[in-house]
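Chain lettering (A, B, C, D and E) follows the sequence in which the chains are written, and residue indices restart at 1 in each chain.
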Amino acid sequence: MAASLSLKDVSLHFGGVKVLQDVSFDVEPGVIFGLVGPNGAGKTSLFNCISGHYKPSSGSVSIDGTEVSGSAPSRMARLGLARTFQHPALQLNATVLQNVLLGGHTRLPGGPVSWALRMPYTVRAERAVRAEALDLLANAGLGWAADVPADELSHGLHKGIELWRALLSRPTLLLLDEPAAGLSHGEVEQLIATVKRLRAEQDLTIIIVEHHMGLISALTDQVVVLDHGRKLMSGTAAEAQSDPRVIEAYIGKDAADDAA
Amino acid sequence: LSLSGCRGDSGGQGGGGSASSPGITDSAITLGITTPLSGATAGPGKCTVAGVSAYFGAANAAGGVKFGDGKTRTVNIKSYDDAYDPQKSLANFQQMVSDNVFAATAGLGTPTNRAFRDAAISQKVPQVLVMTGDPLFSDRKQSPWQLGFVPIYQNEGGAFGKLLAKSGAQHKVAILSQNDDYGKGYVAGFKEAIQGASNISVVGEQTYEATDTSVDAQLTQLASSGADVFFNAMSITPLTIAALQKAQQIGWKPSWFLPSNTSSPTAILEPGGAAAYPGIYSVSFAKAPQSPAFAKDPDVVKFLDELKKYGNYPDMPAFPHCMWSYMVGATLEKAFQNMKEPTRDSFMTALRDIKDLKAPLMLEGTSVNTTVDGQPAVSSVVVQKYNGKGYATAENFG
Amino acid sequence: MGTFIQLVVDGLATGSIYAALALAIVLVNQATGLINFAQGGMAVLSAYLAYAFVQLGLPLILAIIIAIVLSFLFGALVERFLIRRFERGDPDTAVVVTIGLLTLVTGICAVLWGYNNLGFPSLFPLTSVEILGAVVSVRSLATAVTIVVIMVVLQLLFLRTKLGLALRAVADNPASAAFSGLPVGRLLMVGWGLAATLGAVAGVLVAPQLTLTPGMLDTALVYALAAVILGGLTSPIGCVVAASAIGVLENLVAVYVPLIGHDLKIAVPFALIFVILIVRPQGLFGRKVVVRV
Amino acid sequence: MNAAAATARRPWVRILLAALAAIVLIVAPLALPPFANQTLVRIGVYAVAVLGLNIVMGYTGQVNLGQIFFVGLGAYVTAYGVNHGWNILLVFVAACAVAGVVGLLVALAAARLGGLAIAMVTIALPIVGVPLAKRLSEFTGGSQGISARFTDAPDWSGLDNDQWQFYIVLVVAAAAFLLARSLVRGKYGRAFAAVRENEAVAASMGISPYRTKVLAFTIASIFGGASGFLYLAAVQYTSPETLSFGHSISLLAAMVIGGAGSIAGSLLGGAYYVFVPQLTNAIDPNLTTVSQGAILLAVLFLLPGGLVSVPRVVRRLTRRTGAGRSTGRRSSAGPVRETSQQTAPAHRPVPDDALEGHEQTERQDGP
Amino acid sequence: MTLLELTGVTASYGPVQVLEGVSLSVPEGGSVGILGANGAGKTTTLRAISGSVRTGGSIRFDGRDIRGLRPDQVAALGVAHVPEGRGTLGQLSVRENLMVGSYLRKDRKAIAGDIDYCLDLFPQLQDRVGSRAAALSGGEQQMLAVGRAFMAKPKLLLLDEASLGLAPSTAKTVYQAIRRLRLESGIAMLVVEQNANLAFSLVDTATVLETGRNVLTGTSAELKGMDEIRRAYLGG
């Protein structure tokens, strides 16, 4: 079941730095939601507040109506949240397959004793998840990379592996932090297609932080624009891109034409 | 079902019959020493090897040792480093057995010797004249294949206690001891000796760890007790020096008792400025080569020469263990001379039958006596008093 | 009261031994990002070198200076020919390499100078003075002053000089620092050299009191590590404060809490560290390492 | 080379090899001289301790300088139990359980700290443990230590003591190694590695870094306790020196030298721990410290990945750079020459069986 | 005058060779772009120049062979590399990062002014000069990495996706600043950029890499005119 997300007056401070101030919005189940704004506006920090990596200084985060702010990230993951990181965070000396398999952690039953004893059900579960991971990679055209150590792949592919890792957990809420960064135009098109397919095939809610306005326009149903930790506006991508405040603060006057 | 049948006869079991035991041939005998040759206790540990090697090096050079069975043999010493780790000393013992060593001897340390005591008993390998004052090794029933060499710590502490008790004057005693069986043994012996002596009261008692870098706090605390006698069961050289200096600095000038381990006039008392105290007492059974009184003593001259030549130990010994293990050599030689058969059994019998042996370097009034159950080879000690250069025997306190 | 003050003063004196070593550990860590278990061993080697020159008839101060210079070279060479190979690898391996180095250096000292305690001449007189009713040896006082001076120098080095900045940059991210033209290898050598120098100073400061043996600083190393972690890995001031606090606290607890006593007093600084680190993981004066994913 | 490797991966070959190894291990002590058995026994003792250390440090990345404490604790519990006439199985369980519970309690607190702070808490264990063991002399025999004999071969077996001890150690060590091997190959192995690599990322995968650290630490402690039991089986005596801090450092060195993050490496680490003192004694007992330091540095210099990396290093030295690898792996085809999607190299086998795959949780050696 | 000349450059990571012969040249004061898909070898090409990967072939800079030099030696010759990903020194403050950038410069007096220039250019950094780099947002770190390279006043700037993670307006500003730098001080540059619109705003010529080889080189105008290029890099 796709999750719904609701933020109420979320604020976050680090010492004197006000990173987020009273941010509120709701994300309906099944929606692809965009989060944009200038550098340092607080987008990643907001993701961190949702995923539990940061604890909001005040305000509340709820998923499917349940208050979750302050929960540990590992608990959030078990509730169905998955995310990618702005700067790919892979285990560089493990293989791509091992990296992706990590995403399946929450789906594997049994405690350490069962696994140490290789109880049959753990063996079966491991096989199933492994097969699925290989499938994901194969469908992404990365089947060849399964056994390659992650550090032997280029930066662009790291972003992709993060996405497959997140997906293996079968999330109901997926947070993508700049998934298109470092991708060429053609590769961004592929990414757009992939996310569209995801939405069609799986029941999940997606929030995307991205500076690539083409991707935002092509994918999102709704966007929120952050600036200096505050919500500047919300609406559709098209509305955002024509909003003078957004152009002023974020897109830049003539950059608007480039980012077609 | 006898599975062990298929493994040759390398078991190294010692034992009876007239067949000779492992480690002894018609021309040679091999002894093993497992002792700390590295780490914090390597200083005295090296001495344990050096002394025995010096003794038998000289004996071998002179043609060998004449055994009780009429054959003359050279005595070979194999040393093994256990770094004061019981697990390693056991491993070394097992290695000795596989290296065909006749007996283990002279090794330093309570835990390290205890670690292979059981194995030595069950394999009937002598573990004798070891450098620990732990009484267990001199208990014949419990330790049939063992014998300690140095006086049990209790004896040393007790000797001083007796001296103090009979002084008649009122004394307040402060005690500092190493927190292990060494320190505990000294203190127990001392306390037992002063029991019932109404003129003695213990006014402060502290311990320190052998690994400590400083005992200043203990001294400050003990100084405030106003004691006039300081019983210091300390085995660590730098700490002893520091203690001698510190007590002076804070204006506490009691009479001291120091164990035989840490009473070297040149290495400890002089740098510690011991002359400032009314009296420094120690117990000993060996002549101190550093002491001017013995500088020309023929025993000492010979010993230092052999230590250099055969013991691979060119320096002036900083630890008494060099002298002690030299005496171990003499004691072993005595046992060899009396053993009728080239077997471990015969050796043990001979070893346990030495009376009033005046080993080289022994002080007047002490001797090797292996016939008393419960006592190690040396059990008599002499209380001495520092005279600014060396030691003189002290009959009375004060 | 007299006893109390004396115990505090004694604790400070003991603490200064730990602090001397701790400063060297901080320096290597700041300059290379590593914890050097061999720090104590290298300091002992330096002290032995000074001792050897004294034996050769050089005046003490000259012997110490030569030993310090040689220590710088030794530290730099160790970095170049040993540590270099492990710098980019698994940090655990690098730590074990320093353990191996400690063993080797200790062994070399033992081979060259034996295990007997060697008296090391003191730079400072053996007299003592009275402060607030407590007796302090001039030697301890001078040691403490030297350490405070070193601490200040280090603090200035790291925060005020270009070299300090470069050392920190290289420790932070050598590959990235190289893109700005920082000669990574040379800076790492300098970092190790300086730490060895500092170790040499520590060694000759404490050798008169502990007497020279190959394992002279083994126990002090543990305390020094504790002080470094408690004070904060990045802070010379922190580690001196922490080392002093550990020395004093140990004494007071041992004397005034008989249940703990002198045998278990060592547990106290560790318990303290534990409590403090739970509240301030970066240590008393340390800066938190910022990590974002 | 490849063919051989592929053959070696077939299930029946593996089963056969395992069976062969088992037979060798069972028969060996009957044929070997006592000293060889005694040495193997001690290797088993320390291999189990190193294995535990490897779980918490090699795999999970938590510096642990206190492993020897748990070995000592296990040894003391064993001695206590044996001397009080407990059933030997109960003694074993108690040795593991007491060490495990103490480890758990320590970990519950220590795992809140990261990095070097954890090192400090663990360093304190042996440092405080030694005086504590002396203090609690009622249980520990104080500084004189405590002896306990329970591994003399029973008469019905017809075995010598060293053989009997070998089998005891073999059973316990084999169980420990098999359990550890299964554990680090699946879910938990990945969780350990994830926590080692990056706690924030691990957490976002649903892995609680705190719990994982506590788990790893507890497992290490249990293995430490088991190793302590074996220590007593082999040495039959323990004293405060057993748990001295220096040995903890040696265990750490043995782990890295064997191979951090490797099960087989733990065995090699145990062997290193036992053999090197024997070797240095044979070289010259007066130079053990120098030679130990030199050996340690030489091994790491040649094999920064530890002894376990020998086959990898040999393979690298013998392998000619495969052209297939460099071109085949090239990723997305460029837009200019329109080739189809990324091409896969034909020869890279993708394991189809979850747990029979090659040791993927083994850490690669450094860059 | 060519400043940088690569001929038949190969590069490998361990046993894996990933560049199979890349040739390109950057004239003095010139600006050359590198295009290519993920994994084509763009980053590796820049690393080959700055000496952080094992290379073959010939790399000449300013008239001398620099192949095999260490990164700091290459930097000392006047090459500043803005690496891919996080190029900052995380535990150093923003100001310290910029100071490290100027490590090789002799004109001490001018440094303070240049730091102010960088902070002007990236106002977001201004508020955070005292913060450590690791605390910054992704885009802010990227700005800092570019600023650090500016501080070196190099002869040649290697930019590896310098706009990565920058907001559109910021990316624009950065590229304007880089262009200005080029005009004012004649810095040459080699630019890897996925945002080809930005790239073409800066470079005179560009080369397209594919599986470790150049497959195409031309002027910006020529390339912009090609269909495949438009489809893959420009969109529409």
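What to note about this one:
We take it that a residue touches a chain if its C-beta (ideal position, glycine included) is under 8 Å from a C-beta of that chain, and two chains touch if they have at least 3 such contacts.
Chain by chain, the UniProt names read as follows: A, E = Branched-chain amino acid transport system ATP-binding protein; C, D = Branched-chain amino acid transport system permease protein.
Because the structure is predicted, anything quoted here is derived from the model rather than measured.
In summary, the chains found to touch both subunit B and subunit D are C.
In this assembly, the chain whose C-alpha centre lies farthest from subunit E is B. Across B-C and C-D, it is C-D that has more C-beta pairs touching. Rounded to whole angstrom units, the spacing between the C-alpha centres of subunit A and subunit E is 29.
Subunit E has its Cα centroid 46 Å from the Cα centroid of subunit D. Separation between the centroids of subunit B and subunit E, computed from CA atoms only, is 74 Å. Residues of subunit D in contact with at least two other chains: 131, 134, 198, 200-201, 246, 288-289, 329, 331-332, 335, 363, 367. Looking at subunit B, residues 38-39, 46, 179, 209 sit in touch with two or more other chains. Residue positions 53, 85, 87, 89, 152-154, 157, 186-187 of subunit A are each in touch with at least two other chains. Interface of subunit D with subunit C (complex): residues 57-58, 63, 109-110, 112-114, 116-117, 119-121, 123-124, 127-128, 131-132, 134-135, 198, 200-201, 245-246, 249, 252-253, 256-257, 260, 287-294, 296-297, 300-301, 304, 363, 365-367. Contact residues of subunit E toward subunit A in the complex are 13, 16, 35-40, 43, 84-86, 124, 128, 131, 135-140, 142-143, 161, 164-173, 194, 196-198, 231-236. Touching subunit D in their complex are the following residues of subunit A: 51-53, 72-78, 82-83, 85, 89, 91, 93-95, 97-98, 101-103, 105-106, 108, 110, 112, 115-118, 122-123, 126-127, 130-131, 134, 141-149, 151-154, 157, 165, 169, 186-187. Within the complex formed with subunit E, the subunit C residues making contact are 162, 165-166, 168-169, 172-173, 175-185, 287, 289-292.
Against subunit E, in their complex, subunit A makes its touches with residues 14, 17, 37-41, 43-45, 86-87, 152-157, 178, 181-187, 189, 211, 213-214, 249-252, 254-256, 258-260.
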